[in-house]
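There are two complexes below, and they share subunit A, which is joined by subunit B in the first and by subunit C in the second.
Showing the complex of A and B:
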């Protein structure tokens, strides 16, 4: 292990680090939007869209991101649809993440206890009022841990972007190893870089889970 | 179009080769799951013991395998085992090893979570009738935690199967790698072959994972119905 080599590589890792953060950020925001739309469509049982949403969720959840990316990047151009690598990465991540977020929100809405919903109906709330004042406020807070877990999952999934040569963290490390053959140093920096992003998030997730548990059970 | 792209799948032995690749994928996932689940159950039970240093060590193990992306884990073992420890394994066995350790970590958390959510009065009742620790786990905790563990374990299995797609990165001859070879070899005769080959692989993964997810969802639903009446 040589510190000089680590130091030399830091500017390149810095770029990869930024790109990983940026792609994750855009991908996560997009996933939350898509997930929210899907879960609302399912909650309000909007005809046709509900079926489309559930087909999408099943396809997206049951296939690997790597194949989704290959499809976007290599197979779509055959149909005349072409994206750059980074755009493919973002679209792929949103395609994957949207379904995970949708499941998280739906889980939260379903987790609101039956007595709450029935009490709401008993005092004569309309369907919309029930959603607005009873189900959503409680359902969203219940889905926060799932959302946080998905955020961590999606950031880790960006490492797969290396297969379509997006120069994010993993790709940077593999490139450097390929050029200089110093696997120890570069892998060390790579693990540290992911730890810097993910360890704080993982701690926040544990705290959130405790809070929601406290809110539900009081201990 | 002189050739329809889809026939690339049935040219020569292409389809059989893809199935052979799928078999490699499934085999690695299955072996990793069997050994990983056994490892995870042992670690999960150990994590419910009161021994503090043991719990800290196992927690660190879990967090390491959880924080580091699987792609990176794969490369850590791929580069470090042979060079630092002079320990050479063929790529598919190496991948299996990484997956076993990863599944073990994830499984230990599922098992621990299920064990600690068995109601306290069950443990106390068990103790009251004089069960020792082994009997407590054998007759009270493990049977009651199973309904929680099984859906989560099936979901873990679907994740493992999806994650096998990264085996390509360390040149295991899995279904994707063989797909790429077929695409490259037929690029001239079937320019649209790429669409069909990746489409078929997409379908393969879906056909394996979808029934598993469906099963897990059904078990989970039944458990909730039982729990909430």
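Showing the complex of A and C:
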């Protein structure tokens, strides 16, 4: 293990680090938006869209990100649709994450007890008012643990972007190994880099889970 | 007293093939207190829940204040402002303060003026001795307090008719009296028309003008409270009263 080698590689890893963060950030925001739309469409039982959402969720959850990326990157150009590698990565991550987020939100909404819904109905709330004042506020807080798990999961999934040559963290490490054959050093940096992102984030998310559980809601 | 607030005629309910309510017929007069008694599983809760549309029914009609109810969700939604209901599990909304729980109906459903609604809510909270809890969250309340708030939440809509579904069944014994007193006050002072499902026989005896005795989804007796408790007509009602500890 040579510290000099590690030091020399840090600027490159720095770039990969930034890219991993950026792609994750955009991917997660996009996933939350897609997930929210799908779960709302399912909650309000919007005809047609609801079926489309469940087909999407099934396809997305039951195919690997690797294959989804191959599709976007290699198969779509054949059909005349071409994206840059990074855009492919982001679309792939949102395609995957959207369904996980949708299931998380839906789980939260379904977790609101039937008696809560009935007591809302009993004071004359409309379907929309019931959602707005009773089901959504409680459902979102119930879905926080699933959301937190999804965020961590999606950040880790960005490592698969290496197969379409996006120079994020994993790709940077593999590139360096290919060039200089110093796998010990580079893999060490790679692990540390992911830990720097994920460990603090995981701690923050755990605190958030506790806060919504014991803060505003619940017993 | 002869004004009929509610009339139920030939009501039938099935869960799939299971026949849970058999040809239910009764009416409730203005200001009258009717208690539904009967063993567990006799259909009391199902029946009372049919009366504000939380359960569907397959046959029969319900007439409220002279209007035959067309049982669509939209119509029920309107009617629930006039037919209040309080549940065993009280189910205050945990994400809202006591005050916001109470104000939700008046301000969002009935679009009442916020200031006026708040004053009314404060008056109602004071009447159940919970003025100090307006800004508390439901989890900070005891069961008895939560149930009193749930009653206030229903009353804030100024219903004409109240349904109480075993509202003391999940309370600690020392909490029961306070809740029952409120219901008694409603019946005696405010002359509220109501149907009460309860297992508190002394309370039923004291508050009820009339008793409906249900067993296996059928009304077996429908008499004055006095008659029911002193001289029940059916053997099943006798057995039921004997089995109750009061």
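Keep in mind that, in the parts below, the second predicted complex is superposed on the first by the 206 of 219 C-alpha atoms of A that agree within 3 Å, B and C clash if a C-alpha of one lies under 4 Å from a C-alpha of the other, contacts with A are read in each partner's own complex, and residues count from 1 in each chain.
In the analysis below, contacts are C-beta pairs under 8 Å (C-beta built on N, C-alpha and C of every residue); 3 or more make two chains touch, one makes a residue touch a chain.
Since this is a predicted model, take the numbers as computed values, not measurements.
Enquirer: Looking only at contacts as defined up top, I'd like to know whether subunit B or subunit C touches more of subunit A.
Expert: Touching more residues of subunit A than the other partner does is B.
Enquirer: Tell me which partner A:138 touches in the superposition: subunit B (first), subunit C (second), both or neither.
Expert: second
Enquirer: For A:187, select first, second, both or neither according to whether it touches subunit B, subunit C, the two together, or no partner.
Expert: first
Enquirer: Should A:7 be classified as contacting the first partner (subunit B), the second (subunit C), both, or neither?
Expert: Neither partner.
Enquirer: So, does A:123 touch the first partner subunit B, the second partner subunit C, both, or neither?
Expert: Second partner only, subunit C.
Enquirer: Looking at the overlay, does A:51 come into contact with subunit B only (first), subunit C only (second), both, or neither?
Expert: Once the two structures are laid over each other on A, A:51 reaches no partner at all.
Enquirer: Go through the superposed model and pick first if A:206 touches only subunit B, second if only subunit C, both, or neither.
Expert: A:206: touches no partner chain.
Enquirer: Using the superposition described at the top, list the residues of subunit A that contact subunit B and also contact subunit C.
Expert: Subunit A residues touching both partners: none found.
Enquirer: Enumerate the contact residues on subunit A facing subunit B in the complex.
Expert: Result: residues 58-59, 61-68, 70-71, 74-75, 78-79, 114, 156-157, 159-160, 162-163, 170, 173-174, 177, 183-184, 187, 190-191, 194-195, 198-199, 202 of subunit A touch subunit B.
Enquirer: In their shared complex, at which residues does subunit C touch subunit A?
Expert: 52-54, 73, 76-78, 80-81, 84-85, 87, 89-96, 104-105, 108-110, 137, 139, 150, 153-154, 157
Enquirer: In the complex of these two chains, what residues of subunit B are touching subunit A?
Expert: 5, 63, 66-72, 75-76, 79-80, 83-84, 158, 162-166, 168-169, 176, 183, 191-192, 194-195, 198-199, 201-202, 205-206, 209-210, 213, 228
Enquirer: Along subunit A, where are the residues that touch subunit C in the complex?
Expert: Per the stated touch rule, the residues are 113, 115-116, 118-127, 129, 133-134, 137-138, 141, 216-219.
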